[in-house]
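Shared between the two complexes below is chain A, which has chain B as its partner in the first and chain C in the second.
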Partner chain A sequence: MTAMPAARPTPPATAYWIGFAVVVVLLIVAPLVLPPFWQRFATEILVWGLLAMSSDILIGYTGMVSFGHSAFFGLGMYGAATALLTVKPPSLGLALLYGLVAAGAAAVFVAYFATRLRDIYFAISTLVFSQIFYVIIFTWTEVTGGENGLTFSQPRLTIPGIWSDRFTPVTFHWFVLAVVVLSYLLVRRITQSPFGMVLQSIRENEPRTRAIGYHVERYKIVAVMLSGLFAGLSGVLYALQNKFAAPDFVFFVVSGEVVIFNVMGGMGTLVGPFAGAAFFLLLREGLSRFLTEYYLIPLGIIFIIMIIFLPQGLLGFLRRRLNT
Partner chain B sequence: MPPGGTAQLPLVRVSNTTARSPILTTEALTVRFGGLAALTNVSLRVPAGEIRGIIGPNGAGKSTFFNCLTGVLRPTSGRIMFNGEDISGLPPYTISRKAIARSYQITNLLPGATALENVRIASQSRHHNWSMLRHHRAYRDVIDRARAVLADVGLAGKEDELAVNLSHGEQRNLEIGIALATEPKLLCLDEPTAGMSVAETHATVDLIRQIARDLTILIVEHDMEVVMGLAHTITVLNYGEVLAEGRPAEIQANPRVQEVYLKT
Partner chain C sequence: MAERWHDEAWAKDMWWSGKTTRRKFLALSSTAAGALGATVLVPAPWREAFGQAKPYKVGVLQPLSGTAAAGGKTALVGTQMAVERINQSGGVNGRPIELVVADYESKPDVGRRKAEKLVLEDKVDVAEGGYLSNVCLACMPVFEEHRTVWMIGVCLDTTITTTKCSRFVFRPFDYAPAQAVAISPYLVNKMGKKWHIAYLDYAWGQSTRDAYLQQIKKAGGEVVETTGIPLGTSDMAPFVSKITGSFDGLFGIFFGANGINFTSAIYDLGLTKKYKYAGDGAIAESTSLPALGQKIEGFVGINRYLPVLDPPLNTPHHKKFFDQAVTALKKIDPSGPLPDRYVQSNFEAMNFLKLGIQKSGFRGREDTMKLIEALEGMEVKEGDDFPQGDKTLRKEDHQAFLREFIFTIQGGKHKIVEVVPKEKTFFPPACKFV
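Right after this comes the complex of A and B.
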């Protein structure tokens, strides 16, 4: 074979990593310069962005729209709560582990049934499953605290034998940032791997993918499971930040917002969902200050205008470049 | 045959006249859609290495036959034996893994992906398909194989073109390349020259002759010149039944076949 001509010349890759480094540095510095309210807000954007990115694995890469991500997010929250309330001393590692196991198990369960269906039927079945989880959590008061949810105190950040300290808002932001950046790099790698290419092939042409020898349903189950795990991870982070787990976050409205973050930011880019989450949350914050509960009206109008004039989303134009 | 062997390695040239053990046999294959019989008692024996033409007027059941072979349709009754194994009713991905590939009548590509990626993903289905943590470009074996297949089907130099931007003839050849990349032993070609110019048709006929050295080929084709020139044996379907079977010259001289073709 002759030397393989590079599929793309190097400059875009360099530009990508420079852009990536700049954004990460800005996010590291952000909590040091922002006032407390916006400090917290920045952390929250990262958490919601991670949830939206997990959904992008399905929406953007596999071509399946999930309306059930609130369930995985919520189970991540309740899993973390369980670990922090039952194990003494409260351990950050166990909170992560319990949350991931709960969300992952729920995702496998939902995936096993939902991936037999396609398109809108898949979307609706994920919605139905997430509402089942919501009802269970809402009514099983002895275990889940019902309507009130569960409250707990934040675990300490511990590196065994070396260091242990309470979280401050700044160190917690950095902790979330580290988890989010590692998750992003991992998911990005997965989408570029042979497995990720199969997911994109399913999105482009499912019967063809089956005809060339791929057991499509099995790939979809694994995709939903991966997506559920990262959604659960964001749920754990959100629970840690707010020191509670509440049924409101299992409700399907959260799933709808996740889809909106993806559409606004740009599906199939992984960074788009973060941009979408930031844009949506900032807009909501800004509008609700002036309009109180009527903020949804202008928000809806802006969303419709964006769908008409920016159907690819804020970062959709980057899609080809980001996926090489 | 070793699974790693690709299309460009000529194995033993199989003479089409010797009665070899058949690679594909269908026994009384029948498909009914409600009350409509799409295929009735179709029994075929295709020896390994043969190019078998399947012709017949529109609605004769040719595509239904292919759909059964590749697992898209489940036969109502009857059996399909491939390499001595009953494959009737298996799902498409399993059949693909038994080394039966198909190219489509309607071009059926990943339109937004490059020519190389279309073939690469097919080639990858046999190697490293569950790998998650390495970049797909790190698997050079898959890429080299895909490039070799593209060169075989005359698309060298078009690797980085998007499939949608290829000409019609190139897309049809890419179809064949995708099928070849799955390392088949039996290749089902559904009207491979449909819509092609005369020059493109000639090139594709040459290409099919070349790949036929290592494969068994079933070919559905409307262009009589193409199919008469390529096929060793021709099976004529009419109303879902086998009307005639024989060498091209015999088929051309067969009065029942002539009648069917003159009628339509």
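Right after this comes the complex of A and C.
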């Protein structure tokens, strides 16, 4: 009897792209089938996931824990708010531009000083910078609205000279999804490029990376800037969705939540932070409905259990496959 | 000794050792299912009284966790007291009120999400509550977008009924400009012409400072200087030590722990002996008095509500409200705090909604515009629904005007020194509804 030839295994890349396409299609369909509240919630998860992914560039790939992402996120919000309040008619493009410039400028400033430090000192310095931005925004009421923040209306979705329409919850979800997918593909490309390999080398052994001739500080500065830019982009999206910018988002607690998203989802995977954000936000929403103000107790217990029994996070086991 | 503890003789009775037959299993299962079903089918207390009448769903936003949790829980007591009373007296238009409470964790993003949950998922007919101004401002567009009336219970920020006003949002209690109008003549004519204002340096403190700057000047006085102190500053001595010079009185704009810190700092530096001390009534809320002790003696403040039974608050309506509030507050805080203005304003906010629903024949969100029209310009009289006193809910900006109490602290207690009628607290509207 002739033996049947063994089925050819699916190459990892093909399996990855099939999985990616399935998830994207599900996310495209989601707002069409979900009730209005969950529609909006799905969009919010994408935005927080993007912020968590931006933080993964530092935490997961470069080995630098940042507590300053709230500053980049918040400045992205305030940048967008400035564009929407000062330019008439409100422009989506300018909101994105202003938000990215604000977050990028802050990232350059923070990166220049903070990357001279390592480990816990880096983490603390980013926390201090975020608090400096928080105090400035909180007290400079004439410009930032202080504690109350800034409120504005949503710009129209415009393709100059061709088409313009108001956002609906569904079209806004698709817009956010498009931005998030493009950002993910770009960051994935960056982390798999030689530059990304150097970042991972810094994470594994910084003195050796330096010894073989890489200017580690420059790589770290670029990593913080990249991370800050994507954090700012998520801030712009959040501001566009909620039509307000508030100092609470610059407060370091937001950075802490982002670190939790990474730990829960799986650091160094890029998609893990999205899963972590989704898991955490859904869990928080679900628990708070039944336990009102006591929801934090089970949430904390679940987080501790996950750290003990699932230290790599929800998607940590895929880390190697996702990075090949 | 047995290897496993449940094999020990003493543990035998703790375990089921009989035979589980199918009959026993079915009997036990059906008993359990019956008990569960009976529990589910037992009507809620209000259902027993109202039969099949569909309740009005009222969404309540409060910070029950996070930094403002203590205040949010107190504020919720006022809402619950009013609803309990309304349901006991037959509901509104024969329908009971059902509260849907959402905790926004003292965060604006959560507040906005919870507001959307209330209108989209819970499909509430109207909303009430709010505590932190930044959260109120973040949630206002949600209620506007979904055309739902929101009767705010606490948020103080001036812009809620001025530059950021909304046709769907009402504030049934006072705001800083009205308080400044009410107390400034007293400050200038009875305490001194020259004032120094110290304030919490953030949005609320700054807008309140501006209101007093304007009104003290209008009353013929002068503000010689102002000092801003960042929110949350625990040691205020470095800021307070700079308050020197020639003036008659020091006016403080603080609340909660910040008010306690500020008062302690100026007392320790001898400023309360050198200058007359007055300020926003939030400095001397009943919850802060035990911590302040002797240091707050002689303070003059303004507030819409005081937990006293002296004239003109010695009415049976206020006595009833006061006693019920003390009982309700004791359930959440065994130390038995006295009711504050947050309990009062939430209690009365619910009663404004009740009157509006009655007057407009409101059935649900489809009648929102009728409810708004019924509430606009509504005049209410002192009584069981409004133990604080008469009120006008102004049509132009949805801002209420009510009588104010100028008080002093004597022997650790509030003492009313002057009552300013609501007509003397009016401040021109600065709102344009879109």
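Please note the rule applied: the second predicted complex is superposed on the first by the 314 of 324 C-alpha atoms of A that agree within 3 Å, B and C clash if a C-alpha of one lies under 4 Å from a C-alpha of the other, contacts with A are read in each partner's own complex, and residues count from 1 in each chain.
We adopt the following convention: contacts are C-beta pairs under 8 Å (C-beta built on N, C-alpha and C of every residue); 3 or more make two chains touch, one makes a residue touch a chain.
Note that the coordinates shown come from a computational prediction; the quantities given were computed from them, not determined experimentally.
Judged by the touch definition given at the top, the superposed model places A:N148 against chain C, while chain B stays out of reach. Residue contacts after overlaying the shared chain place A:F195 against chain B, while chain C stays out of touching range. In the superposition on chain A, A:I304 makes contact with neither chain B nor chain C. Of the two partner chains, neither chain B nor chain C is touched by A:I120.
When the two structures are aligned on the shared chain, A:V216 is found in touch with chain B, with no touch to chain C. In the superposition on chain A, A:R208 makes contact with chain B only, not with chain C.
Once the two complexes are laid over each other on the shared chain, residue contacts for A:L26 go to neither chain B nor chain C. Within the complex formed with chain A, the chain B residues making contact are 70, 72, 91-93, 96-97, 101-102, 108-113, 117, 120-122, 124-126, 128-137, 139-140, 142-144, 147, 160, 178, 181-182. Against chain C, in their complex, chain A makes its touches with residues 35-37, 40-41, 44, 135, 138-139, 141, 145-149, 151, 238, 242-244, 246-249, 285, 288, 292-293, 295-296.
Residues 64-65, 69, 101, 103, 105, 107-109, 112-113, 116-117, 120-121, 133-134, 137-138, 140-141, 157, 159, 164, 201-204, 206, 230-231 of chain C touch chain A in their complex.
Interface of chain A with chain B (complex): residues 1, 4, 7, 189-190, 192-198, 200-201, 204-205, 207-216.
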